[in-house]
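Both of the next two complexes hold chain A, though its partner changes from chain B to chain C.
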Partner chain A sequence: MTRQEILNELKKVLSPYTLDKEALANIDEGTDLIKDLKINSANLVDIIIDAESKYNIEIDYDAADKMVNVGGCIDVIEEKTNQQT
Partner chain B sequence: MIKSAGNDIIDLRIINIERTKDARFYTKFITGTEIALYSQPQLASLPFECFVWMLWSVKESIYKFMQRHNSNLIFSPSKIVVQQISAPADLKRSKTPAITEAKGFEKQACYCSTVTFGQDTFYSRSIIDPNSIFTAINNADDFENVYYGVEQVEHNEPEFQSKAVRQFILKRLGHILNMEPLRIIKNTSGCPVLYNDAGEINIPVSLTHHGYYVAYTFFFEG
Partner chain C sequence: MSRRVVVTGMGVVSPNGIGISAFLDAIQNGVSGIKFQPLYEELKFSCQVAGRPDFVLEDLKTRNYISEVVFHGLKGTNIGYGLMAALDAWADAGLEYDTDETRWETGCIFGNSVSDTEAMKNVITRVDNKEAKKLGSRVVEQAMNSGVTSYVSGRLGLGNKVITNSAACATGTQAILMGYETIKDGYAKRMLVGSSEYVDTYVFGSFDSMRVLSRKYNDQPEKASRPMSTTAGGFVPGSGSAALVLEDLDFALARGARIYAEVLGGSTNSGGQRTGGSMTAANPQGVIRCIEEAVANSNISGEDIDLISGHLTATNADMQEIQNWCKALGRSGDNFPLMNSLKSMIGHCLSAAGSIESVASILQIVHGFAHPNINLDDPNPEISNHISLNCLPTSVVKKKINIVAKANFGFGDVNSCLIFSKFNPNDTTRDFK
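On to the complex of A and B.
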């Protein structure tokens, strides 16, 4: 998967947790989940769990810490899916 | 000792209880030694989902407290470790909502915890009612100068919550400081800062919202 493909799929993971659908449609790697998408921090673990399920990966403590913006989420998903292949 | 403020609110009516109880969920931010704390007899009447979200709110509050002085701080909940928890002596989960404005926690039935983050130690007070968990943090086991407020709001949209919590805290601060107009602006790292027309006011504030609750905390030696 390319980073752009991961980004497109990531929108579906993030969608249940943001009311700002316009911001979601326009995300890029610099988009901050809390500041830009107004996602409540209480949902950050939900996003990690949903990403694990979607990509059949396991996200550990250190990797989870990076998932605060879109670029960080893509880094983690890319790294973990590459480890499987 | 640095002066700051950190708090968090959880609306228990919108959490996913089933997911919360799933080890795959809570082990993302709660360590093994913290899970062991739940087996102490004084927490027997606390539902596990409340335990999990109380620990989340404690960790989130400490992150906010520290982020004011370290804008590059990364939220690493597993590195913020709850070392001990005590339940209120008169343990009866309140049947009325914990909607309140107060200073200090002496009159509140609250859970108290001691927490470490690196070399630093923090203390928390959490008020838990059937609908919400509110937590405030300090870096001393003394909340005499910690002011806080919790209220319910009609809408859960972030913009509405953001306005509502600002109105809530500024009304209280306006009364206490006898100073207007006050406003709160987030700095570049997302940390709320209090201002009046003359500039920044050195009173650390912390804002939180979740679901249909908003809450504030500020530290003021008045």
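On to the complex of A and C.
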């Protein structure tokens, strides 16, 4: 999967947690989940759980700390899915 | 300085109607909300009927009660009932949901028994399967007993006292009383008050095991809840919620609010589980004191009461309750007020009973009627030792109702009694200032 492909898939994972659908449609690697998408910080945990389930990966505490912006999310998902293959 | 407190908004999620107009229609026409529950037959419960609102959780999202983000992950039916009743009451009072600023003048007192055992089952299953990591962020807020008040106060930005109360079957009346006192004593201008109850299979099964539920009418669900009748064989559990918007009279008048009724006063106490009282039975002395205090606090006399909305669950406690009312009000025989039990139509909604029955009480004041006691085909012969059967309407009675006494008595020997009155702006005897 390319980073762009992961980003497109990530939009679906993030969708239930943001009301700002326009901002979501225009995310790039620099988009901050809390500041730009107005996601409740408590929901970051749910996004991690949803990503684990979607990609069949395990995201540990250290990796999860990086998932505060879109680029960080892609880094973690890319790394974990590569470990699997 | 003491203030007058009025009711300016109401919302209800009842087994026989959701929303004030559907509920009003149902209670005027004696419509039962009790239905056969096939699952309860499968679970081998003795009682296989229950009152459950025709409620769809998704309505909270599609009808703009809460955002899709808040809805995503919401599983608690109890929270759903409470949110709908509370937000309906808010809108009924002519108030907007959205606000950028905190509403410091408004608080919320809302009660329930258990948060949601069905939602907790998911937690227990996950944890036992060593999958605690998969629970996510939305479980605690729905498992905590203050779930309803948290969702309601968050949606509306309420910034005054936010309290979750729990007093078994007396919860709803107690929540309304506490809201009334908060405004009367000047701590808040407006209180959103009420209670909710979701009787899931686990709660239902626990009551079933106590052998206090109706079990002989599984094939005739609408006849299963029979308060005060010879054939009353236990209560029928019900679920739902109701809410009231209470306001300081001057505050309500200043914004031109519609006023349904006035809360004159009330009382809540306990019989201490002594002299006939226990965990499950009410000490008659406690009940009588509670009613007497409510009457005294309201500056009325027992003679002023036009209608009693009883607790009257359809157990053998009904006969004791009638005697307690007679003693507390000093009235009996033909001089006893009209009395009815909403539970004949919707069953016993436990923590939600007090708030749903309070909405019914206020509607009877506003629209001038006493709703029927359905299923009172065979009144218990002991009743006529105390009061005339004419006091127990079996069809709707159109009559001016000025003052209603609403009481509930719960496990733990706790009692709550409220006095509602038609609002009379010229009544200077209530000008406590």
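We take it that the second predicted complex is superposed on the first by the 85 of 85 C-alpha atoms of A that agree within 3 Å, B and C clash if a C-alpha of one lies under 4 Å from a C-alpha of the other, contacts with A are read in each partner's own complex, and residues count from 1 in each chain.
We adopt the following convention: a contact is a pair of C-beta atoms (placed from the backbone, for glycine too) under 8 Å apart; a residue touches a chain by one contact, two chains touch by 3 or more.
Here the structure is a predicted model, which is why all the values come from computation and not from measurement.
**Q** Based on the superposed arrangement, let me know which partner A:Ile49 touches: chain B (first), chain C (second), both, or neither?
**A** A:Ile49: touches chain B and chain C.
**Q** After lining up the shared chain so the two structures overlap, which partner does A:Tyr61 touch, if you call chain B first and chain C second: first, second, both or neither?
**A** It touches chain B, and chain C stays clear.
**Q** Once chain A of both complexes is superposed, is A:Leu19 in touch with chain B (first), chain C (second), both, or neither?
**A** In the superposition, A:Leu19 contacts both chain B and chain C.
**Q** Is there a shared patch on chain A that both chain B and chain C touch, and which residues make it up?
**A** The answer is residues 19, 40, 42, 45-46, 49 of chain A.
**Q** Which of the residues in chain A end up touching chain B in this complex?
**A** Counting only chain A, the residues touching chain B are 19-20, 34-35, 38, 40-42, 45-46, 48-49, 52, 59, 61, 64-65, 68.
**Q** Residues of chain A touching chain C in their complex?
**A** 16-19, 40, 42-43, 45-46, 49
**Q** Under the definition above, what is the set of chain C residues touching chain A in their complex?
**A** Contact set of chain C toward chain A: 67-69, 72-73, 133-134, 136-138.
**Q** Mind pulling up the chain B residues that touch chain A in the complex?
**A** Within the complex, chain B touches chain A at residues 10, 15-16, 19, 24-25, 28-29, 53, 56, 60, 74-76, 78, 157-159, 190, 209-210.
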